[in-house]
Amino acid sequence: MQTKKIELLETYLSLYINHFTVLENMDKEDSRYVVLDVRNAPAQIKKDQIKGATAIPAKDLANHLDELDKNKIYVVYDWTGGTTLGKEALLILLSADFEAYELAGALEGWKGMNLPIETL
Amino acid sequence: MQTKKIELLETYLSLYINHFTVLENMDKEDSRYVVLDVRNAPAQIKKDQIKGATAIPAKDLANHLDELDKNKIYVVYDWTGGTTLGKEALLILLSADFEAYELAGALEGWKGMNLPIETL
Amino acid sequence: MQTKKIELLETYLSLYINHFTVLENMDKEDSRYVVLDVRNAPAQIKKDQIKGATAIPAKDLANHLDELDKNKIYVVYDWTGGTTLGKEALLILLSADFEAYELAGALEGWKGMNLPIETL
């Protein structure tokens, strides 16, 4: 069981990227990181988003893959870490052979640490 | 690692059902979907629940399996998506060969989207 | 798929310990349980913690393993169940052959049930 636990933790954690990496690449001209807001809600419900994020709702993502760039690293986020939309988006991206991660802590954690957001 | 990630995401996401499916079957006479509130808290702590849900606390679920119907599809939920009670209930149901899913986003997400609830 | 789901749930749930076990060992002189607060935030952000917890931020944990005891059972917790710090700490502990679990529901759940905390 110990081995199974370690394997699960390793794979599970490899799905995530932490806010430090996102933050330190945020304002770089040549950054490979692209933050995708995959919440399905309309702008008036979302109200704000991570600064510089591109909104592609998870439900539409499969139809927008041709607008994405295989040289970029995609970081998806949803409202909280307890929802499944980020993982749905991640599955679509990884299955299409993009490099992609889910933002650890999601939007809730990002805002909880007072990191840069922008109103919609 | 990519294959392991995709496998984990596929299995993980297959545990969940989204609110659309629950919502569109909510008021149907012959719906196969039964929503189970598996929170262990008493009614005065829970205060409200998803409209039409049946309360079977996760801690009691194993003793109530004979009241369940193999022709139904059970949707379990807990307070938030970050707790483990929904998964405990799901394990009991799947192990007993019931068709069952956890509600993505849990009660928190359901209420956040202003979907139908009822007071207890 | 049913077998894969059950296996994932079993392994996933085996990473967790519930608050009852922590609570009933909390004030025992000879308790084997040690609660570790692995949040990376400074004390002024954390404000309070689970009563009797030892603070070892997840980012420092790998450098403090020689202060830990193989006869103890470590229970790690982070802010919420939707963050990944608890699992990062757990991976470090299990890989170093310690017995360790993540607290189900995390600090958010503990406080939601009005369980004992202490200010920092």
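Think of it as A, B and C in the order they're written, each chain with its own count starting at 1.
Heads up, the rule we're going with is that a residue touches a chain if its C-beta (ideal position, glycine included) is under 8 Å from a C-beta of that chain, and two chains touch if they have at least 3 such contacts.
Labels paired with UniProt names: A, B, C = Rhodanese-like domain-containing protein.
Just so it is clear, the structure is predicted and the values come from calculations on it, not from any experiment.
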item: Chain copies touching (chain A, chain C) - same or different residues, decided at half shared; value: different
item: Rotation angle superposing chain B onto its copy chain C by C-alpha atoms, nearest 5 degrees; value: 120
item: Mean-CA-position distance for chain C and chain A (Å); value: 26
item: Multi-chain contact sites of chain B, meaning residues that touch two or more partners; value: 8, 12, 80-83
item: Sites on chain A touched by chain B in the complex; value: 8, 11-12, 14-15, 79-85, 87-88, 90-91, 94-95
item: Residues of chain C that touch chain B when the two form their complex; value: 1-2, 4-6, 8-10, 12-13, 16, 18, 80-83, 104-106, 108-109, 112
